[in-house]
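Could you have a look at this structure, given as structure tokens, before my questions?
Order of writing sets the labels: A, B and C. Residues in every chain begin at 1.
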Amino acid sequence: MKKLLTGAAFGALMAAGAAQACSPDFSGVTLSAASQTGPYIASALTAAAEGWKAKTCGTVNVVEFPWSELYPKIVTTLVAGDAAFDVITFAPAWSPDFTPYLTEMPADLRQGALWEDIAPVYRDRLMVWDGKVLSQTIDGDVHTYSYRTDLFENPAEQAAFKAKYGYDLGAPQTWSQYLDIAEFFQRPDQGLWGTAEAFRRGGQQFWFFFSHAAAYASHPDHPGSFFFDPDTMDAQVNNPGWVRGLEDYIRASKLAPPNALQFSFGETIAAHAGGQVAQSIGWGDIGVVVADPKQSKVAGTLGSAILPGSTEVWNYKTGAWDTFDEPVFSPFMAFGGWQAAVPQSSLNQQAAWDFVTFLSSPEVSGKAAITGGSGVNPYRASHFENAQLWSAIFSEPEAKGYLASQRDSIEAKNVVLDMRLPGYFSYTEVLEIELSKALAGDVTPQQALDTVAAEWNKLTDEFGRDAQKAAYRAAMGLPN
Amino acid sequence: MTRRGRYWALFFCLVWAAFTLFPIYWVLITSFKTPPAVNGGPTYLPFIDFAPTLDAWADLFSGRRGQFFNTFYSSTLVTLFASVAATAIGAMAAYALVRFPFRVKLGAGLLFFAIAFGGYQTLTQGFGFGRFDAALRAFPSALVAAILVNRLRLPGPVLGNADILFWFVSQRMFPPIVTAFALFLIYTEIGRAGFKLVDTFWGLSLAYIAFSLPIVIWLMRDFFAALPVEVEEAAMVDAVPQWRIFLDIVAPMAAPGLAATFMITLAFVWNEFLFALFLTNARWQTLPILVAGQNSQRGDEWWAVSAAALVAIIPMMLLAAVLGRMMRSGLALGAIK
Amino acid sequence: MSEIDATDTIRGRDPMKYVFIGPAFAVVLLIAIFPLIYSLGISLLSYRLAPPTPVRFVGLDNYAALLQQERFWQVARTTALIGFIAVALQYVIGFALALALKAKVPGEHLFRVGFLIPMLVAPVAVALIARMMFNPTMGPLNQFLSLFGLVNLPLLTQTNYALGAIIAVEVWQWTPFVVLMMLAGLQTLPDDVYEAAALENASAWRQFWDITFPMLAPISAAVVFIRLIESFKIMDTVFVMTGGGPGISTETLTLFAYQEGFKKFNLGYTSALSFLFLIVVLVIGSVYLAVLKPYLDKQK
């Protein structure tokens, strides 16, 4: 009798188990997901693919392309209507060029606790275009500030700094303080330099420039007016706030290691992890690499904070500087964070969206966020809550500081979104050219930015001012 | 050569060898370095300056940084096939251009172009045909018309062998940017008509053969032209068929040139990036894309780049050694005249 | 020497000639003709993919806009500068190396294989390796130059230095091509001419100028021609090492086309640029061949 019951129970369990497998059932479905060459993002996709296969019996084939060729590859495939990819991962800045070819996220995925868990700045702004949710954030990106706690907490350094500059050494509240600190630690003969940022044309330089300018040119009372005037679509990039940002950026390049002008983000990380600089700004990867003893000479000394702000912000409406008692912080969501979407030409749209949801679910994405090479930075509220997860790579004070800086940045009141416009590369190309000229000293900051502004206005007219204005307002979350 | 001349030659070779091989050595050791060993400053000697590790290689083979084995396999197959095919038919064409007179009337050439271009434009813009359908109608008609017209007596200059040769070579003067895109478009359209070409062995190989031929023809032409024609004429008197003359007499005499050209074609195809990027996706992606992919958004991971680059270099080095041998024996053959 | 004239010989009527040239002709025509026609068609349109704007016929406007754009001319000048200097260096050094190898220096076989290697490395990899070597803090070159007192040269950040660096990399990579071809050419030279010259006690220098160089003139011309055409298409090296900067001072034509075509997807403009590029190279090529023709004909 007992045997029979056990047998029956066992049988029932097996049946139940079988019913659990492949839910929803996508057996026989093979998805193709396009991504940049691993490990960043691609390894997150591959890891999620394994989990998805166990759950739904469908397979995902991750196709990798070099980072700088991913954009042309996706555009040509979408334009030709080739059904090569079921899922594409891309930078939000490119989405305006893709939106005509993407499918909308199914309605049932846009509600519930999982949906609410996504940080609002991603959920309601970055993933949305023209009122439709066309992509899913699978990675969070914001620029933060990192520094060497061993230098900053050293009493001798603190005393010397206070004596020279008159205020306490600590994470800078304003960009002027940031430059002071850089100057203080600029000691080439000791192999230590002030700061590291990206300055190279084609090396993500303009995001770093944007981070500097945001504090001066993104006025808290005039949301969405950072890059363009939201009413006329005139370029704002040559206003005094921007010029000040460029001046700071150029000054930072002189307080950096000798070949800083050749730095892309990778070299920035390497400089900080190699112990060559006292501070740096950039994406969350700096923190993860610096804290890792296998990759860093200064593991254990990671200090993180949100980007410095400014007490003076340019008011474009009044044409004057506004002064604030407390510094206004305008953390910049550089790059915005990788998105995943499903093209209209895909033959497996339902399965594709299911995979995307699985990939961005709290468990899967949480695990990816703490895995070193995954390239996934936090973007869900649940990512920040679980400090336990992070202790695997950070020491406790490092973890707390890191998470706080990430969280404070994306939840800041005056957080600044990255530019998303159709024809994005046309705008950034001229910016990169002029930036490299200004950094080399061939033109003054004002001249460089005037050229950029003139060219941007010309491009806007060429592409259609009204269309661009509507797109810009949509991107900034302004009503049309 | 004099003794002293020999020493100078040796010295020169050594200097150049150092210049040439030092970067390769650097790449070799960097592939065994850890990130701090790279970021901290240049280190030169394994075990002395830094502790070598196999991490970069493990990463490469594990597939964390792109599908290594798949791309290696694709590269090998496509390269070998395309190079052999291109060298073979290119040598044939070069021989023809050296030994036989060709006459193409300029009028016929212009007519071909006019019908091809005009026909294609009219069909796509005027009648709304798809690209492939329009091409399928316009190009063959243009070719047939041109061939027929060529038989007639036309005014105007007659293009000879030198011009045909120049036409071949001019195919390589056109920047590959738009070509890659256009090829991708037509391949996609042909794929929609039923013959998948994107991300296939044949699609990629055909493209490579077509764009390697100009170089093969241009280079082999001079090698063939340098061979004495008396030997062939003697064979012709003996009524040996033309193809046997080519295979048994001419080709062996031109062996050094053939080997060199084959080597060059091999190098071009193995290392070609743009066409491979656009004409392949998952199945036939080749090594150069993998190498380029190591240059990631988050920065230059030199150890990974080095490992990938080495993998791409090593087969080529082996081949160079093998072909170097072949060239030596070619020297002996060439002396037997 | 063996070029035949266009008289109606037995060979002229031999249908085998079509069999020989047929496959090559067919493949090239099939694959290359569509892109050319397609590009020509688009070059007359205003065709942008990003942002997707409606297609408009603009005739020769793209060409006119390009010719008036200062960037086009500067880029053309830079490309020509890099191309001519690099190829000249490659030819001289390559020829010298081939001569040394032919003269059987000790270790010749090893040298031969070693010298070939740079040419076999993918251009993308070469560019990445170059960037690694030129890196002031992480690469060996800066340390090496410091030995000579040249510390922290702005090798990749200042135009003239950057151009020199790019040329150096090009010479490093492509001299093997010249070596390979010239060596093959040297190997096909008949020994009897040299024996006769040796009998006459001609010096090595005279032997070179009067026998070797003229006899190899056709191959030299062909090799330099190919190198010139190919060097006009350099992109990876510049893209990875300097990104075309500072500003656009090291940008080459193909890099310019790449930015316009694959970043901005301004296809009409890029096609026009490609055709202008083609015309420039055709002109240079034709002039080159025309100038050399009388000299080469003398050799036959």
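As a convention for this text, a contact is a pair of C-beta atoms (placed from the backbone, for glycine too) under 8 Å apart; a residue touches a chain by one contact, two chains touch by 3 or more.
Keep in mind that what you see is a predicted model, and the values were worked out from it rather than measured.
Student: Could you find the chain whose CA centre sits the greatest distance from that of chain C?
Tutor: A
Student: With respect to inter-chain C-beta contacts, which pair, B-C or A-C, contains the greater number?
Tutor: B-C
Student: If you average the CA atoms of chain A and of chain C, how far apart do the two points sit, in angstrom?
Tutor: Roughly 40 Å separates the two chain centres.
Student: Report the inter-chain centroid distance for chain B and chain C in whole angstrom, where each centroid is the mean of the CA atoms.
Tutor: Their C-alpha centroids are separated by 14 Å.
Student: Touching two or more other chains, which residues of chain B qualify?
Tutor: 38-40, 181, 185, 292, 294-295, 300 - these are the residues of chain B that touch more than one other chain.
Student: Please output the residue numbers of chain C that touch at least 2 other chains, ranges allowed.
Tutor: In chain C, 137-138, 262 touch at least two other chains.
Student: Which chain A residues touch at least two other chains?
Tutor: Residues 69, 267, 270-271 of chain A each touch two or more of the other chains.
Student: Mind pulling up the chain C residues that touch chain A in the complex?
Tutor: Those residues of chain C that touch chain A are 48-53, 135-138, 152, 154, 156-158, 239, 242-248, 259, 262-266.
Student: Which residues of chain B touch chain C once you look at their complex with the stated criterion?
Tutor: Chain B reaches chain C through residues 1-2, 5-6, 9-10, 12-13, 16-17, 19-24, 26-27, 30, 38-42, 44, 89-90, 92-93, 95-103, 116-117, 120-121, 124, 131, 135, 139, 143, 158, 160-161, 166, 168-179, 181-183, 185-186, 206-207, 209-211, 213-215, 217-219, 221-229, 242-243, 246, 254, 256-257, 259-260, 263-264, 267, 270-271, 273, 287-288, 291-292, 294-295, 300, 302, 305-306, 308-309, 312-313, 316-317, 319-321, 324, 327-328, 330-331, 334-335, 337.
Student: Provide the residue numbers of chain C that touch chain B in the complex, in ascending order.
Tutor: 1-7, 9, 11-12, 14, 16-17, 19-21, 23-25, 27-42, 93, 96-97, 99-101, 103, 105-107, 109, 111-125, 128-133, 137-140, 142-143, 172, 176-177, 180-181, 183-185, 187-188, 190-191, 204, 218-219, 222-223, 225-226, 229-230, 232-233, 236, 240, 253-254, 257-258, 261-262, 267, 270-271, 273-274, 277-278, 281-282, 285-286, 289
Student: Give every residue of chain B touching chain A within the complex, in rising order.
Tutor: Against chain A, chain B makes touches at 34-36, 38-40, 59, 63-67, 181, 184-185, 188-189, 191, 198-199, 277-278, 281-282, 285, 289-290, 292-301.
Student: Would you mind writing out the residues of chain A in touch with chain C in their complex?
Tutor: Where chain A meets chain C, its residues are 69, 71-72, 75, 79, 96-97, 100, 200-203, 257-259, 261-262, 267, 270-271, 276, 422-426, 429, 432-434, 436-437, 439-440, 442, 463-464, 467.
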